[in-house]
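Below you'll find the structure I mean.
So that you can tell them apart, the chains are marked A, B, C, D and E in the order they are listed, and the count of residues begins at 1 in each.
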């Protein structure tokens, strides 16, 4: 297990919410400063592409599959839209939630129009759901497409969301994706570092970036520039989307121990499996992320020996 | 009659409105969990195309025809614009209403500009009409054109409307239509499933979709992916617009019993008939939807033997 | 005189404003249910084109001409912008006013850009003027260009204005004009009927439409579809803009008695005359509209024998 | 001196502000109903073009030059942006100010994009400066580019500003300029009259127009249509920008006595001179405008014999 | 040391905030009226380009480097985004901060779209951070791209920010950059002067401009027009971005003593050095700016002999 870090509370958390922020941060990182985020916002982001089709387990067709995984598996937080949480939350009261505040479908491509993803919900509505329904809503998330012609809208909403969320003691995760006609190489390590730095400048607790690539291949060391640029903002990263389980876990391990990230955000790679396998895969990811387990130990957990 | 389902109240309904939500849900589904929605928003959506012309009964020229049908026929809810309800509601106080909050005309085609339909009324105004005039306003509706360049506006308004409506104990129906330059096949079953899933992600109680087609022909089984993707959000579907009455009823029956939908949203197919026939057709549809009647029994009702 | 109709108060008029609405409706229709609207919003809509030039009486150069006519002639209501009413109203306190809430100039043509006319004033400001200055402001008006790419903005403002106006006991008139690149024939009877139906759907008390034409010529019977489509929303119509006086009055008579309209909205045809003639023309129009006078009787009034 | 006119207070001035409006009107017109407006908004409108260059006195390089002129010369009101007033006002407390609420630079030309000049300050902020700092802020101003594709925005802001300003007892001046791709001849007398009429329709106290031209040459008589169209809204006009002093004064005299205007708005022609000359030129203009002086008398004042 | 100037408090500072404004002004200028602004907003403006790469010291990779410099070096104020201040401010409570309220990335170039940089934070949020966290937030900053098609948005936000900031006793700095398709030469001295004059017109305390050039080379005397145009608004300037240290200091000295500026805004030239060198360079700049030191003395300080 990594040493429990001191929790540095940002100054836009008012004094009356500092204890809640500290507790939320402790819960979302299992006291480790590391984040295992189970991403379940794809019902809007990718429509039904991630939930039905070749190679996808039939369990995944039902949205409740996401909640079952989040409930039985070991996750830091389960990120999805507010509407879905409101619908299933009563039956899954113990899941730690992060409300993803914006989402767009994948229908309009960048060749047609630069990407724009606007707030669907305001921070205040996530806070209301937390306070009225007693759910364990620990944080909020938002995606920024840097380099889009709509960047000003998204940067504004992101900056406001971080500031507002902190006002209510919530943890923030920003998905930082360079994308648009002006962006030649979304995975360029220097550009990814820039994106991570923007998340730091607008005060997010965590920044999710895609793994940088040079010449088409990933290398965890390429993350170091982003990790440095983000400073006290923790960088989390997606694993390889096409990877086999051991490859995925090795990449995650490298991202943390070579690249310096503090965790991962994983979605499809988890929920496209049967409930049982998804839970075991969650736990394997969490072992690496939260317990500093090695890949072999994680593979044992995935294999059911956890 | 289908077994009365447990009513699962979403968590964005505050405790003081939960009894009203439960009662609204019970009324709008006649206690069955199924929805027979009589759609009467075409005076804006289709201008006068649905109300005058060849094959349309002269009764349909008068907007009051819609209210007469809704009053005498058996419907779960009659959906139309707030202005029309305010004008005729005093004479039809017993009709169960759903306020359709957005509408656009059909003049600007997708080849000219991607579709955008913006809120005409706020949820609060529907609530005011309910509370001041004592009308039986059970819910609100909204159309989302996924894949339009204006998708962000509509997704935002839809998400806000569901959240606000639940705050006041109202039931929500979202019309989910993929449309725009980026949409190649609006009826593709996988895309329709994606649209139904979006309605679930933003928390709607019901999603209305168009019947999916493969190779130009409908097949109720194609709805299963959408029904699964929508999870606890009930899917309702339009019948075939050109169908004969028995074909229409058979398709509806199949949608429910083969496709897994929980009802229908029908407009022109009802109101373009004389008042008497329209009422009988309403009742035939409701028999299938609400009573699990077979097509033969529904045809008897349509024939006046109900 | 047509039989005094029952006044049906729409349900978005709150109980404390119902008496005022009833009184406003009675005044604006002179107790007949018919509307003679004297339109004086052209100083923005047509700049100075309607007020100076060949065939226009010099009296019309001064904006006060409009108020003099409205004061001495018999009109249901005088429609113009709030600024003009605020400037002259103190000297014309007995004129019944309708505040036209939006206006645009005629400089940017449809070939350059689809028409958009946005609110200049909010309903609340018309109400303030009524309540503070004690003016007889009976209603508000707004123009909607259906089929414009800016239709969503105008439909939203129109729906909101009707709802707000009713909240304050005011009568509403919507100018419903199909216009824009998508509109091939603005005068098509079926399209005009659609426009009238939209006004009904958003709850307006009256809809002003342009006289429909087929093959370039008007025929009052062509209005019947619009009158039916509008239901309880009264349809009023402009007279022929180029017509001689007897032709104009005959057309108006036909519109009411053949087409089923409940009145007229007339501007230039009145105010481009000398004050004396304008007043007599007003009174002739009102005789047909409000008293069910025949064209001969109206011509006698116009000739000074009224 | 022209006879002191009755002051007609518009009805959107509430009763508790009528005395202030009357007093502001008296001050801004020196009790004459005529307006000598010293325009000093060019630091944004023309950047530094009017303040440094050939033929411009070095005194004009310093923004304080404007305040020195306004303080020592005889002006009805000095119009400039709020920021500049806030910076220098403490040292020039006796200057009568008019806050110009919108401004744009001259960088983006009409060939690139239709002109748009949006509010920089709200009326409320001018009122705050008046009430907190005790400055003599008598009115507010705003420019409308009629015929621009952004006309709806500017017409809305202008109408709102007049209504709000009157609510606080302030006098309003609208700069009415037809401009944009749709405008062929900005100086056409009929179009200028239309622009003046729009200012009347939205209730402004004064409208500033550019001198109309036919065939490239000005003629004060061409203003008569605009003066008539504006009705009770006073028309003020710029002098010839290139004229010699006697020509300028003659044109101003003609505008008033031939064209019927009630004053002038003059900027560069004043402030591009040395302080002493600028003050004498101000006084000459004011003699014509406020005292009905002849051109010869005004020339004596300009020559130092005033 | 330059003589301590009288502090002229602008009139939009309310009386209850005048003492705070005076104190902020004294602190930010070290009582001299001169401003040494350490600019650290590049993590958004230039992504990671200024923080990693050839010729950049590895210390600069970590955002905390900026705070270490601001804490140990002698600066008037450290300008960066609110999010970063909130994250590191607790450990650097003695740094004087200026919150840069808008920022954009450099991904979308002017050839693709005119520049737009919109508010990320409102003045009120900077005030909240000051008041709740007890940080020494002395002012706010904002960039305006004059000549961009988005100029109206930025001029409005800038004018509002200055007015709001003064309301809370804060000092304002506007970055005034002509940029966009309409701008042929961003460094033209007359245009730079125009930009400085705009900052004066909207009331900013300081305007940051880029050094003007004629024929590609800078000359401090070219600043005089801008300094004059800005009047009481102090002009600060960037040093040469490519210059050697002595060249940089000489240019700064010339800007102040030849051009008439009141300080500098320097970013990369400071923070791309090691902490120790950056601090010494800061101090050298401050010696010239705040103490009227000569270049030789400043070089001694830079060399460690300070």
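Quick note on the criterion: contacts are C-beta pairs under 8 Å (C-beta built on N, C-alpha and C of every residue); 3 or more make two chains touch, one makes a residue touch a chain.
Just so we're on the same page, UniProt names per chain: A, B, C, D, E = fructose-bisphosphate aldolase.
Remember, predicted model here, so these are calculated numbers, not experimental data.
Engineer: Just how much do you need to spin subunit B so its Cα atoms sit on those of subunit E, in degrees to the nearest 5?
Structural biologist: Between subunit B and subunit E, the superposition angle is 145 degrees.
Engineer: What's the call on subunit A versus subunit E, same or different interface residues, using the half cut on shared numbers?
Structural biologist: Different-residue interface.
Engineer: Any idea how many Å lie between the Cα centroids of subunit D and subunit E?
Structural biologist: 36
Engineer: In angstrom, rounded to a whole number, how far apart do the mean CA points of subunit A and subunit D lie?
Structural biologist: Roughly 58 Å separates the two chain centres.
Engineer: At least two other chains touched by the same residue of subunit A: list those residues.
Structural biologist: Correct list: empty.
Engineer: Draw the chains as dots and join the ones that touch; what shape do you get: line, ring, star, complete or other?
Structural biologist: Here the contact pattern is a ring, one closed loop where every chain has two partners.
Engineer: Residue numbers of subunit A touching subunit E in their complex, please.
Structural biologist: 8-12, 14-15, 146-149, 151-153, 155-156, 159-160, 162-163, 166, 178, 180-183, 190-191, 193-195, 197-198, 200-204, 225, 228-233
Engineer: Show which residues of subunit A lie in contact with subunit B when the two form their complex.
Structural biologist: Those residues of subunit A that touch subunit B are 41, 43-44, 46-49, 51-53, 61-64, 80-90, 103-105, 107-109, 112-113, 116-121, 125, 128-129, 132-133, 135.
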